[in-house]
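In the two assemblies presented below, chain A is common to both, partnered first by chain B and then by chain C.
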Partner chain A sequence: MIWVIASATMRESIRSKAFLGLLALYLVAVLLSRIAGWISGTDGDVVTTSIVFSLQSIFGVLVAVATGTALVQTEIQQKTLYTILSRPVKRWHFVLGKFLGLSGSLIAGQVIMVLIGLVYLRATGAQVTGWALLAGLLTMLEVLVMASVSLCWTALTTPLVAVALCLATYALGHAVGELPNLLYHLHGVKLLLCSALAALVPDLSRFVYRDLALHQIPITAADLAGRVVYGLLWISLFVTITTVVFRRKQL
Partner chain B sequence: MRRDWPLYLLILALAGALIAWNAVPLRDHSLHIRTSDLSFVPDPVLARMLNLGQNGAASKLQWIDSFSYFELQLDKRDDTLRGSGQSGFERLYTQLTAEDPYYGPFYEHASFNIGALTGRHDISLGFLLRGLSYMPHATQLWRQAAAELYASYDFDKRHPDEMNAFLDAWAENELDYVQRRQVWDWKNAMARRHDMGLGQLTYWQEQMHLYPPDSPGGRYIDNAMREEVAHYGVRELEALLYAYREHYIMAPLQLSEVLAPQLVRERFPMGLNVYLPYTIADHQLVLRDDPYGYPFLLIDGQVVSPGLQQRVFGPRPGKLLQNIGEYLAKHPQVPFPQDLETVRALGIEVPALAPQAHYLFTPAAHSITVSWDPPPGRPWPLTQQAGHLQH
Partner chain C sequence: MPGMTSAPVLTFTNVSFTYRGDWLNRIHALKRVDLSVPRGSAYGFLGANGAGKSTSIKLAMGLLHGHKGDITLLGEPIGDHRLRARVGFLPEQPFFYDNLAVGEYLAYLGHLSGLHGGTLSAAIERVYQLLDLGDLRARKLGSFSKGMRQRFGLAQAILHRPDLLVLDEPFSGLDPLWRARFKEVMALERTRGATLFFSSHILSDIEDLCDSYCVIDHGEVLEQGRLADLLGQAPLQLTASGAPAAGATVAPDGTWQLTFPESRRAEVLGALPPGAVLRLERQRIALEDYFVNRVKAHHGAGTRLGGES
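Right after this comes the complex of A and B.
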């Protein structure tokens, strides 16, 4: 049953206007990225590559938030949720199926984005290496973590608030990576409190390998595995929280 | 449809007005100097936090945006920020290099803008060295840092050993063979500047490996090198001779007297090179033979390398034959002299020769040649000379 829900969700997500619209916008943004390279006063390849890598992350997260927050709400509004739950489907099956479907569509979107980006870079003369693919893989993981975050916030709040909270989580998630460089300002209780609060937020900077891949700085297999495990653990946590909240929800 | 026509009209009117409004600024095509306020350039850590994980792209875009700042500062030649009084370029590039420490142009531009524009070469060099700590194989950064050390700090004259060590570090980290050769060329050029008169030596040393020692090419190179070192030795001893005269207000009786430690230290404060005509033995400065194995001489107040004379003049008697010819032209009744004593008896000036050289007279042929004894010492093994001697 999980796979049925997942495949249906994936089809629905891929057909959604938000998904297709953001993908089209990504394409336009990638095409325009070369302009920054032209006016940079250099050969422009590094500048363009850097922007293309970032666009994959930004648009990927936007797709994750836009489709993730709308998923359950659409089911409730269209009353299809009641049809599903009236069948012998456990709620955790529903949540997991929804997340897997969402993940499938996001992975498909990310693969398309990576392909568009790399083909464009290659076509415009920029150097494309295998490290770029690894960077794309880690960005994909970042997007999946954000998808689980969006699902969790949607279960806890309304879709509109969930969008705002998702974007805030995204900002905080990248900020906590730099926090250790500022902690020396704090002492005692403040230091403990700040560290504890920061530990509650997924450190999204762990998925940012793109800036190093740009300069072909290698990443070790152990480092890569560590980052992947870290991402999977956060996804598991958010999906579990969503399941618990959804099970307690009066529908 | 008919009922909605006022709305369509309103849409058209609004769209037309807005498009026209947007188009107004686009009519101005003239060039303006753009200015950008860099007063708020955040701390690098804060900047990285604000970039939401897009440090690479954000740094490049901010860099491009800051070009407008450069335009004004390049004209003003002043990048002081209002309020804090800090260098705008320094703050900007500190942030940019923290956001993407592996992007070479940031360091290059930082060095150029801060060093050349504001004259803060210390900060400029700091950026380049920071870049090299991230990218030890970046040729452009090495080159720019070396140029900065050379042009702004006169490093190769003031601290030749440190400059040499810097160039060695560059050569060691340089991955491209052609570039590495250029570093060696730089080192050679530095040596040439440091030891004037040995300009061609490194060239011949390189060429020497192409020819066997006993081949015509090998002999030619050996001769060229010996000539250059002999000329260098003569010049260096003459320089000491002049310094001796200036310092002691008298001429030395022997050439070895010019090797006063104080004079030598003034001339070579960093140590003696192996091509000098003197060296240190038993804690004393001692004269060496010339590169051909003959001792340097002081003849008529001038330094002479007998080996060089032999090389240049060979068996030709030079001025003596000319002096005899002039005398015989004035006194046609006098026969061609039989020997040196006769020449002296006639009052003809006899140019001094090295002790190892002798005039040989052939009166029947009206000819004089110079014969040379073998050198008393060993010719220099020039192929093995390298490095520097100690004080």
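Right after this comes the complex of A and C.
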């Protein structure tokens, strides 16, 4: 049941205008990235490669937020879910199927982005190593975490507010990685409180390996596994919250 | 009435439901509703806009939670989601995924209803034929008009040959030709053994299709029963010759007419000499007028109809 819903969701979101439009925009942005390389003068290839990697993250998150927030709210507002939930489908089947379908389309989008990026970088003569693929994998995980965030916010609030909260979560998620450096002067309860509040937001900087990959600085298998488990735990938490909220939702 | 037995397929017993808005603005959509849909019947659910029809249907389909009272579906409490494999549902003004084609959408929903392989293919072909969707199988639903969406909606509802077909305003957005076709398809489904439960405020549709009915207003059931019993309450009209009875209207040709209730049949006819009766027929109740008068009588003339309060 879950896979049937996931499969239909994936087909629907891959064919959506938001998904295809953002992929097209990504392509344009990648082509324009060379301009930044020219402007930088020295290390133009490195700058171009860094921008291409960053674009994968930015556009991946945009696709996740755009399709993720539209996914459940459109179902509720347009009542498309009536014909699904009036069948022998449990609500948690529906939420999990939706998330897996969304994840499938995002992974497909990320693979396309990585391929476009690699082909472009090769064509422009930039050096790309295997570490770059690993960076791409971690970016993909970051995008999946953001997909689960968008699904969760959408279940809790309106689409517009959900988009704003998703982008705020993205910004905070990248900021919390820097927090330990900012809290050096705090002690005791204050430090504990600030650390506890920071722990409520997924630390998205853990998925940023692209800058290190650019300079071919290796990552250990244990470190990689730790980051993957961290991402999967956050995804599980957000999908669980979404399921609990959705189970009680009046449709 | 094919396959009609006394066992109900859907019952509401003392069901109340309140929409949780903010706490100062709660909407009491249903108030102690009792209704019973007999198996094999075609049950018309009548009510003005906002009377509580869609809320009742959503509760029956498990789309709303938190009601008071008991609801049973196919003889079981509605909590068991597996029961819904035996129910087909057409929501009011249905929307579907824009980017899926008719064929793949039907396959998707068929899978969710437990159909697979050859059974699923045969079921899809059946609804293609019934609703003329075969030529549209590769077309995406985003390009469909309101009427076409309604056709697809009925197709997905009957796809898995449900025992109970719940249709919320099924004729909405249809042209006269498709209204007629929908009635044919619904009649076919009933012949197959399905029970029809549908809401409408177009009373001629109820008259054409239903044998049972329920009138709901402001979340309360005003009355329910067999349509034949309601129509049987219509007065009789007698045309006779000879000496006119008291209160009769005499025509220029010497015949006279008298209208009287069913309860006076024996008295009126017994007083006539043999051969005096030329014609005796039951007057037709205009269901439209009956419904409006019934609702107005409940709330007092001039009050607004419907409106969840």
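Couple of notes before you dig in:
We adopt the following convention: the second predicted complex is superposed on the first by the 250 of 251 C-alpha atoms of A that agree within 3 Å, B and C clash if a C-alpha of one lies under 4 Å from a C-alpha of the other, contacts with A are read in each partner's own complex, and residues count from 1 in each chain.
Keep this in mind: contacts are C-beta pairs under 8 Å (C-beta built on N, C-alpha and C of every residue); 3 or more make two chains touch, one makes a residue touch a chain.
Keep in mind it's a predicted model, so treat the numbers as computed, not measured.
Once chain A is used to superpose the two complexes, chain B occupies space next to chain C without a clash. In the superposed model, A:80 makes contact with chain C only, not with chain B.
Of the two partner chains placed by the overlay, only chain B lies in contact with A:212; chain C stays clear of it. Applying the stated contact rule after C-alpha superposition, one finds that A:90 touches chain C and leaves chain B untouched.
By the touch criterion stated above, A:15 is placed in contact with chain C alone, chain B being left untouched. Contact with neither chain B nor chain C is seen for A:187 once the two complexes are overlaid on the shared chain. A simple residue count on chain A separates chain B from chain C, and the partner touching more is B. In the superposition on chain A, contact of A:178 is made with chain B only, not with chain C.
Shared-chain residue A:51: touches chain B; no touch with chain C. With chain A as the corner point and C-alpha centres for all three chains, the angle toward chain B and chain C works out to 170 degrees, nearest 10. Once both complexes are placed on a shared chain A, the shortest Cα to Cα gap between chain B and chain C comes to 23 Å. When the two complexes are laid over each other on chain A, chain A has no residue in contact with both chain B and chain C.
Partner chain A is touched in their complex by these residues of chain C: 19-20, 58, 61-66, 81-85, 87, 89, 91, 93-100, 104-105, 108-109, 111-114, 153, 156-157, 166.
Chain B meets chain A in the complex at residues 45, 48-49, 51-58, 60-61, 63-64, 67, 100, 102-103, 105.
Interface residues of chain A, counted against chain C in their complex, comprise 1, 4-5, 7-8, 11-12, 15-16, 78-80, 82-90, 248, 250-251.
Across the complex, chain B is touched by residues 36, 39-42, 46-47, 50-51, 53-55, 57-58, 142, 170-171, 173-175, 177-179, 181-182, 204-205, 207-208, 210-212, 214-215, 217 of chain A.
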